[in-house]
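Structure record follows, encoded as structure tokens.
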Amino acid sequence: MRVGVLTGGGDCPGLNAVIRAVVRKGVQEYGYEFTGFRDGWRGPLDGVTVPLDIPAVRGILPRGGTVLGSSRTNPLNERDGIRRITDNLAALGVDALVTIGGEDTLGVATRLTEEYGVPCVGVPKTIDNDLSATDYTFGFDTAVGIATEAIDRLHTTAESHMRVLVVEVMGRHSGWIALHSGLAGGANVILIPEHPFDVDQVCAWVTSRFRASYAPIVVVAEGAVPRDGDLVLKDRSLDAFGHVRLSGVGERLALEIEKRTGKEARTTVLGHVQRGGTPSAYDRWLATRFGLHAIDCVRDGDFGTMVALQGTNIVRVPMADATARLKTVPPELYEEVGVFFG
Amino acid sequence: MRVGVLTGGGDCPGLNAVIRAVVRKGVQEYGYEFTGFRDGWRGPLDGVTVPLDIPAVRGILPRGGTVLGSSRTNPLNERDGIRRITDNLAALGVDALVTIGGEDTLGVATRLTEEYGVPCVGVPKTIDNDLSATDYTFGFDTAVGIATEAIDRLHTTAESHMRVLVVEVMGRHSGWIALHSGLAGGANVILIPEHPFDVDQVCAWVTSRFRASYAPIVVVAEGAVPRDGDLVLKDRSLDAFGHVRLSGVGERLALEIEKRTGKEARTTVLGHVQRGGTPSAYDRWLATRFGLHAIDCVRDGDFGTMVALQGTNIVRVPMADATARLKTVPPELYEEVGVFFG
Amino acid sequence: MRVGVLTGGGDCPGLNAVIRAVVRKGVQEYGYEFTGFRDGWRGPLDGVTVPLDIPAVRGILPRGGTVLGSSRTNPLNERDGIRRITDNLAALGVDALVTIGGEDTLGVATRLTEEYGVPCVGVPKTIDNDLSATDYTFGFDTAVGIATEAIDRLHTTAESHMRVLVVEVMGRHSGWIALHSGLAGGANVILIPEHPFDVDQVCAWVTSRFRASYAPIVVVAEGAVPRDGDLVLKDRSLDAFGHVRLSGVGERLALEIEKRTGKEARTTVLGHVQRGGTPSAYDRWLATRFGLHAIDCVRDGDFGTMVALQGTNIVRVPMADATARLKTVPPELYEEVGVFFG
Amino acid sequence: MRVGVLTGGGDCPGLNAVIRAVVRKGVQEYGYEFTGFRDGWRGPLDGVTVPLDIPAVRGILPRGGTVLGSSRTNPLNERDGIRRITDNLAALGVDALVTIGGEDTLGVATRLTEEYGVPCVGVPKTIDNDLSATDYTFGFDTAVGIATEAIDRLHTTAESHMRVLVVEVMGRHSGWIALHSGLAGGANVILIPEHPFDVDQVCAWVTSRFRASYAPIVVVAEGAVPRDGDLVLKDRSLDAFGHVRLSGVGERLALEIEKRTGKEARTTVLGHVQRGGTPSAYDRWLATRFGLHAIDCVRDGDFGTMVALQGTNIVRVPMADATARLKTVPPELYEEVGVFFG
């Protein structure tokens, strides 16, 4: 039995922990051999492989990124994509694929399994925690931890100068990172994509905070949008090099807060720092257990299946479930946390 | 409505986050007043209180320990304990109690509610994660994170000198911290109280590890015991000052490994470092949500109830359930992790 | 004897450690009393004070920011500034001032002492490490540590996607933070204000790095400028709200690298995270020793003097020396580090 | 030109940074080739080598430990030790040796150079910071940082339970780590080998601390000794396995404090955690610069020389100077810090 492994989409702390667990258990307990595919779906598409055995996974548990590389290549958009993949798997003698990725990667894996009989097992990965069918995804806890530490640090600088500090965190379509890090960091305002914000309300919270002699911290997910349309979030003008000027919601919101409240405001955009580096202990635990259960799915011939966390258990769910809809922050949870606003 | 709050038992990162959430929501949403009791049950027993209002909980979210102090005082063992408590509560006008603690503290709260009509709501607390009826307790994630970081650091010193490093972590009755930190830290042996260990087996793992040119890390819970009785874990002799000499399982095991394998072994006992300091983002999230839901129990008159985590939801369970039995590591989970041993 | 204390300019980890040391030694060893002035020179200017005694400095050692608040108020620019200060000091019975700040704050203190006879002692503070007459200033080590940790994290995300990552760190006039964190973080290019950069050279380093199958990290101080003027660093156009659009050198450089090399590039601007939060152990040590020696200067009547680090010793230098010229990165040091470029 | 590199003695964060800098500059700027020797002096003694070139040093900058391995082997104690080394160097074509180590390793290098004409350059290494002729050694800052973080964490647990916490840190012959981490961590008592302590004085400080409603933290270097001989620090009795029972000064002192003050005391022994894992940014900076200058010594034929830090400069000193005497904490520095005791 030869098993292929690939990692697709944006990188995420814990990918290496999954790879290591899949290989360690596959080799030691089931006697499998492995083929690593480079750069997500590009690997099986172009037949680009890397050796994957026990020595290859030594010492990778605490390392961020992925030793297999990643890409956003989608074989469904490539000419002859499916055929090239099945040909390459056959040529390499690969009998099953462990596909580690988010909505896109698993969407491809679902179709490959269901429509073309390629035996795939899925491992959910998204730093944003917005995949359905699993309580949490690995990488999320690390990102929340990094964002929280940054917010902790910004409190003292906000207080020393009595300024507003706006922190833009990841989360294009969901506010999980903003909600968790904002709550853990003691933010006074948390803005998420699921709940369009009212700039005047934000300014009212900011002002009331100053009135109580505190300096407010505003945590905003990169995908949060204003309710009333009075905040132009994307500037479509071109810069000197013909590039579209991008300026995130954090920077725009800070400018607007300054304008409306007369208080100094500063922005910090955490960016890629949130998704790199060593995974937290929790993410190593979750990623490792996902890997151990994924290889068990292979052994059981349970393809089209994805491993998922439910409570403290790792379970198996249809891969299609995970990609069916985005898991967003429920309104009642956002309201629960709202007691700390202002 | 006046609500008393107390924290009992060993300290745990996240206690202050609970206190803050209880007070913030209680004051802001329900208009309650609060009385802080000092040092666990000693507070209501002796009528020792501290002011507890919005200013008192400012800035305590990221701080370890408990602003209320703690103790292991058990009023059931005190003369007139129950009566003194009910008298003091009446005198102070306290209508309900939020009791934050582990098995002992909540056991007392259960009896006070059920047998003496004192309206108590429970918030589970144990750094060891061994309380039933909740998926996790706050403080645990912080402890696992600290232990994992220590194990990460010990790897390089083990490799540089090709030594065995034995790391003793907390866990008198359960192996959760050892299991999680050992897995996350890439330990080669993990020993837990639930599964008596065989010293020869440990030495075999150690030896096989060296044979593969690696230096082994052994993580052992402080309550782990040898299967075969050939490791004397407590030395009953007295020292020069008449104190009983204590030497933990980690130190004894290291000596024994040296003796049986001929390899140099060193021990690190992490001790209290695991339970102090700023809580992880996860623990702040969990503790805060516990606090928000506990004050809702008070509002609903839902006494004898404890808040608990199930999946991603905070639910209410009978307090008695939490203390009925210890939540230990299930054998199948220990076995699952065993693929990484040796 | 009554001693006033103030902190001026941008905040910096370690300010509280200085304040604590000044007060602890002043009270315990010399029996002094203290007056805290709020918000830098605004305190003595407007007579705004805070109590400053042993209880007031309890627990502040590990906390970022400054319990006295800070501002950039310059009394030399205020009508009757000097007279208002001398009047307030007299009215409050303040016999000497410990002034903790950078170039501006100490420049004022120098003139107050020399021209108006106000007895000031200086403690140097700049996160940028660019004050002359002292080997290091506190806060710098913390900033370098935070930037280095961010660079560590960015390596894995760069490698996983084979992208260029540009990290913009603090340093408007000097490249100390960029140089230290870039070297410690294993950056492949480090750009500093002291040495105008050549965009084509940067692109050549980036390209050669990719050729060796690595993903390059470019660390750039916020004040670094291109040698050849072909990179427009400030966009003077106005945005929808009439604000001047600001975009830092990091963002502009990334766009230019993409354009010239055809490789994907991303920017991270660390911003205020670098100057907030708990000071490193080194900064606590240095700040505390500065404080202990500053109060000794007061005792000795050694005014117009600043404490400074030389080797491992704390010495006294004329305050005027510190502000005479900026301490920039010497060319030979930049060249020494250049072996790691490309 | 072929240069050998070895690392001797206890491991220390920053060793890999030195190795990388030596090789990067040696290969890129001077065209040298390198031979890595395994396990300190054992390598040249037994002719055990590892490949050492640019790819071999990739990615090792942030890693603790040493890729070359280490040992305490002393060739002067081996039969024919000197001859075996000179023979092996000749056979391997090694023209010069970069020796990275502490007192012992450099002592051997000094004699090899002076008495036997083996061209050695020294790089000072001791986590204890007790080598003369250099302001600091790499590894020390990392150790102090880890110890300080532990002390930070212990404060909250001490306060919650009003206990004494004794923290034993490294430092057999000098108190640098205790002094720096104790000061940075806000300890109430710091005990160092250079200044024998009086148990009654310690207890008086502890008691006065409790009287002010604080819980004391006592930091003690492993080599600290009581002045009056009333604390038996080593128990010579044998345990059940015939091993000498070892119990450190921390544990003994805690027992004694309990006995004399009636207060609960707990001990934490940080142990090897202090010397493992990723180096701090400062240590990476210092180690890298040491490496860059060491290879310049080789180029200049400046053998018998050691690189050292003086202020912010890397200088060259005779290797013999470094090992001539231990650099201990001067009494006036210990006294300076004493203002925080009690």
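In order of appearance the chains are A, B, C and D, and numbering begins at 1 in each one.
As a convention for this text, contacts are C-beta pairs under 8 Å (C-beta built on N, C-alpha and C of every residue); 3 or more make two chains touch, one makes a residue touch a chain.
These numbers come from a predicted model, not from an experiment.
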TODO: Kindly list the shared contact partners of chain B and chain D, in label order.
DONE: none
- [ ] Compute the centre of every chain as the mean of its C-alpha atoms, then state which one is farthest from the centre of chain B.
- [x] C
- [ ] Averaged over CA atoms, how far is the centre of chain A from the centre of chain D? Could you give it in whole Å?
- [x] 41
Task: Length of the line joining the C-alpha centres of chain A and chain C, rounded to whole Å - done: 34
Task: Mean-CA-position distance for chain D and chain C (Å) - done: 30
TODO: Would you pick out the residues of chain C that each touch at least 2 other chains?
DONE: 149, 152
- [ ] Draw the chains as points, connect those that touch, then say whether the picture is a line, ring, star, complete or other.
- [x] ring
Task: Which chain pairs touch, all of them - done: A-B, A-C, B-D, C-D
Task: Touching residues (chain side chain C, partner chain D) in the complex - done: 24-25, 28-29, 61-62, 135-136, 141, 144-145, 147-149, 152, 180-181, 183-186, 278, 280-282, 284-285, 288-289, 292, 310-312, 336, 339-340
Task: chain B - residues contacting chain D, complex - done: 10-11, 13, 15, 63-66, 69-71, 146, 149-150, 152-162, 165, 232, 235, 237, 239-241, 243, 245, 247, 255-256, 259, 266-273, 275-277
